[in-house]
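Reviewing the structure listed below.
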C-alpha cells in the first residue's frame, strides 16, 4: 500500500498545485447602453443571493424574473447563498483557475464586499454606466459608503434598511429604550431575550459596541485596534453580566435569524430582530407573527446600511448582469420593492431626482402598519463601522461569550 | 407485561418524528401552547401543485438522480468487488473504499470541490451526479464484497467447467445468487443519494435543486410547515421502498 | 487418450510440480495419492484450465488443451463439496450443462429423466439442493457432469466430506458409474483404500514428482505411496486377532 | 501474448477502481494539506507552518474535537445498550411488529431526523406543549432545555434514534444465527446465572461480532453535521461545524486552518476505522 501511495500522492499533489493563472479575459462590452442590452438579449443570467425570506423570494420570483424575461429577454436563474457562500464559491473558482464563473451577479454588502475586493473578485467600476444610476441618492452617506468603504463603482446600491427590534406589544407595552432599561427588563423577564449567532446578531452587537465606544460617530473611519479593545471589553462585560438572564441561560444562541423568528413566533422568545425595519409587516401578513407584533429602534440607535448588487469579475455574462442591476434600480422595480406588500425594502433612489409621475407613485406606496415610519427611525441610524469590527466581533463572541461557561 | 410496555415505548419513540412531521405540515399559526386545538390547514399540501411546485420538481429530480446513481453504483460496485477478488492484497484495496463513507459528506464535498470547479463540473446536474457517484460506488463495492467468497467462486468455476461461457455463468448462476445483495445495494445506494445534502449543496452551488436542498431552503426561510412537508416527501418513498424491500428482500436486509 | 507432458508449476520460489508426466487410456481411472499439500489439487487445476502450467503440455486425443478456455475443454472438475447451484432444482442442476448448450427442451427432458433414473434420483427431481442428503447431492453432482459427456473427469477428494457409510456407498456407486459410462477419470485422494477400490492405474505425488505404478503390487510395495504403512497396519491387526485367545 | 493483454486489462480495471475509489479522496486530501501549508490558495504566501501552529494552539479546535468524540461515544454507548437489551428480550419469541417499526428510522436522513426532533424537544415543541396540557408544567420556562444544550441531550437522542434500531436488528439477527437461546440453555445447565451469561457470553459475543459496524457508526457519528447544526450548541461545536465555519465564514485568513482541521479529521477517521484492522479477515 505504501509503495502505491507515495507516487500517487505526489502526482495528485503536483496536479493540485498548478492552477493556470491566466487573467480573466473580460469580453469586450459594447460602449452604448442600447448595444449592451442587445448583447444581453436571449442570454441566461445567474444571480446568487440570500434566500432566507419568503417575501423577498416571492418578489424575485413573481416580479423580477418575469420582467427580465419579458422586457429584456433574459432568463434569470437565482441561486441561494449568502455572503460567505458567495465568497467561498468565488474563491474556489479562482483557486482552481477557472476563467468563467458559475455566477454573474451577486447580492452583497459590508464584509462580503470587503472580502471580494481583497481577492479581486468584483468587476468594475460599472455603476456609472447604468443609466438609472443617476437617480440614486448619491448624497446619502448610508448609500455611497458601505461599512466605511467607498463603493467606487464596484457595487450598485439596491436597497437601504435599518435594523429594528421586533416585539409583541401585548406582552411588552413599552420596550426597553436603552441598555440600562434592558438590564432591568432582563432581570424581570429571564429567558425571553437572546441574539442570533449570525450576521443579524453581530449587527446588534455592533450597535452596542458603538454605544460603549462613545456613541454615534465613535467608530467612524478605519479599524482602530485600541478603540476596539476598549469598547469591546465593556461590551463583553455587559453581555456576560446579563447572559444568565438570556434565553437558555445564555448557554447557547440560535444559529440563525430564522430560528429566532421561529422562537418568537412560538412565544418562546419575546424579542426578535430584523435587518429590515419593515419585515414585521411581512411576517404578520404571512401568519407567522401575531398582529400585536411591533418594531422599534432603541434610543442609542441601530445600524442602518445599504445592500448592493455586484458583478463577478469572471462573470460570463456581464452585459446581462448590468441590465439586471439597471432594472433593479429603476423606479418601477424600486417602488414595487418598497411596497410592504411585496418586500418593504427601503429605496436607494432620491425622490428629488425622479420624474414627477414616479415621485408621486413612490409617495403613494402603502404605509407600514406595524413599524414607525422611516423618517422617525432615521435620526437613530448608525453608520456601519469598518468590516474588520464585524470580523473581530464574530471571533471574540465565540471566544469571550460562547466559550465562557 | 414489562416487555409489552417496553415495546410500546420503543414504538412510540420510533414513530414520534414521523407524527411530528405530519402534524407540522398540517397546521399554521403554531403558537404555544396550541396542540390539539390548532389552526389545522391543508394549505401547504395543496400548495404542492402551485406555490410549492418547486418541491414537486425537486422530488422528480431526486428520484431520477437516486435511481440512476443506485443502478450505476451497484453495477460498478459489483464489477469492482468481483474484480478485487483476483487482486492480491484485496483488503488493502478495499480499505480505500471505506473512506468516502466514513467522512461526513460535507467534508467530502469540501475535499472534492476545487477539482470539480477546475474541470467545469460544478453547478451542473452532471457534476453532482458524478460527485455522488464517487461517494456511492465505494459503498456499493464494500457491501457487495461481502457477497463474494470462495464458495461463490467455486460455483462459478463449476458452471464454467460444465461448459458455460463466463457471461452465461454470470447471468445463470452468479446474478441469481447475488440477488439479495444486489437488491440491498440498490436500496442503500438509492437512500444515500436520496438523502445526500452536503455534496449536492457544495458541488451543485444551489443550481441543482434536489429535495434535501429544498428542505434546507424552507428551513432557512423560517417556514417549518413547508419544511415539514418537504421532509415528508423526502421520507415517504423510502418508507414505501422499505416496505417493498422488506417483503422482497426479506430478512437479508438486516445483515448489513 | 490423454497425455500430460512435463508439467511444471511454481508459486513464487516454491516448486509445486516438477516435471509431471503420465498417460491415461480412455475409460480408465487414474488415482493420484499423496499427502495434503503435495500438489494434487494444483495438478487438477492446471488440467481444468483455471491456471496455466509454467511449462509442459496437456493433450486430449493428441490435441493440446493449453490454449482452450476451461469452458470448452470438456474437462469437468468436481471438488470435495458437491457445489450444486443452490437456487436451481435438482432437475435444473442436472440439465444445466445441456441448457447452456441450447439443446431442445425435449432432448433435455429425456436425457435428464433417463439419467435420473439410472442414478436413482427420479423421485428427487423437483427438490432444491438444500433438501438433499450428502450422498444425494454427490449423485446430482455426478449426474450433472455425466450428462455433458466430458472427455475427462477430475475428482478432487470427492467423498472426503461424507460420513463413513455414505462414503462407502459412493465409492461403490462411482465404481459402477465409471464402468457403465466408461468415464475417463483422474481421481485424487489421500485415502489408500479408496484409491485401491476405484483405480485402474495408481500414482503418487511427492516433492513435485509423480510416480506412476503399472502394477498394483508395485504400488503396495512402494514406500513412496504410503500403501506399505497401511498394509502393515492391517497385517498387524490380523496378527493381533490371531493371537487373541479363542473364546 | 494473451497473458499480456490480460495483465493490461487487469491494470486498466485497477486504475479505474482507483480513479473512482481512491484518487478523489487522496487528491482532495492533498489539496487540503497544501492549503493548510500555505502552498495554494488565493491569499497564500508560500510554505508556512503557521496555520498548523495556530490550529495546535487553538483550544476551540481541540474542544470541538473532544466534543465530537464525546457525543459520538455517549450516543454509541446508549444505542448499543438499548439495542442489546431489546435484542435480548426479543430473542426467544420473535416480535415482528417491533422489527417493522425498527426499520422506520432508516427512512430518516439525518437532516429530517434533526428537524423533527428539534420540534419535539424544544421548549416550545410538542413534548413541552403536551406536558403543559397534562398540567405537568406551568409554561415554557418550566420545560427543561434539551436542545442546543450543553450535554447535548437532544443531539444524543436524535443519534440514538438514527443508530439504535439498526443495531437492535443486527443483534437480533446475530442472536438467531449463533442460536443464543440454545447457548443460554447450555449455560443454565452449567449453572450460569442470567447476569453471568449476559456479562460473559451474550454481550461480548454480540459486540465482537458487530465490532466493524460499531466502529463505522462511531465514525459516522463523529462526522455528524446536519443533526448538530440543528440540535447542537454553538460552543463547543462538533468538528464538521468547526471545519465548515473556518472554511466559509467571515475571516478569509482562517481558511487554511479549516483545511488543516479537515486533514486532522480525515486522519482521525482513518485511524479509528483501521487501527488494528488486521484482525478483520472478513474484508
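Order as written gives the chain letters A, B, C and D; numbering starts at 1 within each chain.
We take it that a residue touches a chain if its C-beta (ideal position, glycine included) is under 8 Å from a C-beta of that chain, and two chains touch if they have at least 3 such contacts.
Computed from a prediction, not measured in an experiment: that's the story for all the values here.
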Least step count from chain C to chain D, where 1 means the two chains touch: 2
Closest chain to the centre of mass proxy, which here is the mean CA position: B
Most distant chain from chain A by Cα centroid: C
Between A-B and B-D, the pair with more C-beta contacts: B-D
Chain centre separation in whole Å, for chain D relative to chain B (CA means): 17
Between chain D and chain A, distance of the C-alpha-averaged centres to the nearest whole Å: 36
Rounded Å distance, chain B centre to chain C centre (Cα mean): 49
Sequence positions of chain B contacting 2 or more other chains: 32, 95, 114-115, 219, 224
Residue numbers of chain A (touch at least two other chains): 16, 19, 95, 266-268
Residues of chain C touching at least two other chains: none
Full enumeration of touching chain pairs: A-B, A-D, B-C, B-D
Interfacial residue positions of chain D with respect to chain A in the complex: 18, 22-23, 26-27, 30-31, 34, 39-43, 59-60, 63, 122-124, 140-141, 145, 148-150, 229, 233-236, 247-252, 255
Footprint of chain D on chain B - complex, ascending: 3, 6-7, 10-11, 13-18, 20-21, 23-24, 32-36, 76, 79-80, 83-84, 86-87, 90-91, 93-108, 110-112, 114-115, 133-134, 137-138, 141, 145-146, 191, 194-195, 197-198, 212, 215-216, 219, 224, 227-228, 231, 234-235, 238-239, 242, 246, 251, 254-255
Chain A - residues contacting chain B, complex: 1, 16, 19, 46, 48, 51-54, 57, 77, 79-81, 89, 92-93, 95-98, 102-103, 256-259, 261-262, 265-268, 287-288, 290
Contact footprint of chain B on chain D as seen in their complex: 10, 13-14, 17-18, 20-22, 24-25, 27-29, 31-32, 86, 89, 95, 97-98, 100-113, 115-117, 119-120, 124, 126, 128-130, 132-133, 139-140, 161, 165, 169-170, 172-173, 216, 219-220, 223-226, 240, 243-244, 247, 262, 265-266, 269-270, 273-274, 277, 280-283
Residues of chain C defined as touching chain B within the complex: 48, 50, 70-72, 74-77, 79, 81, 83, 85-87, 96-97, 100-101, 144-145, 148
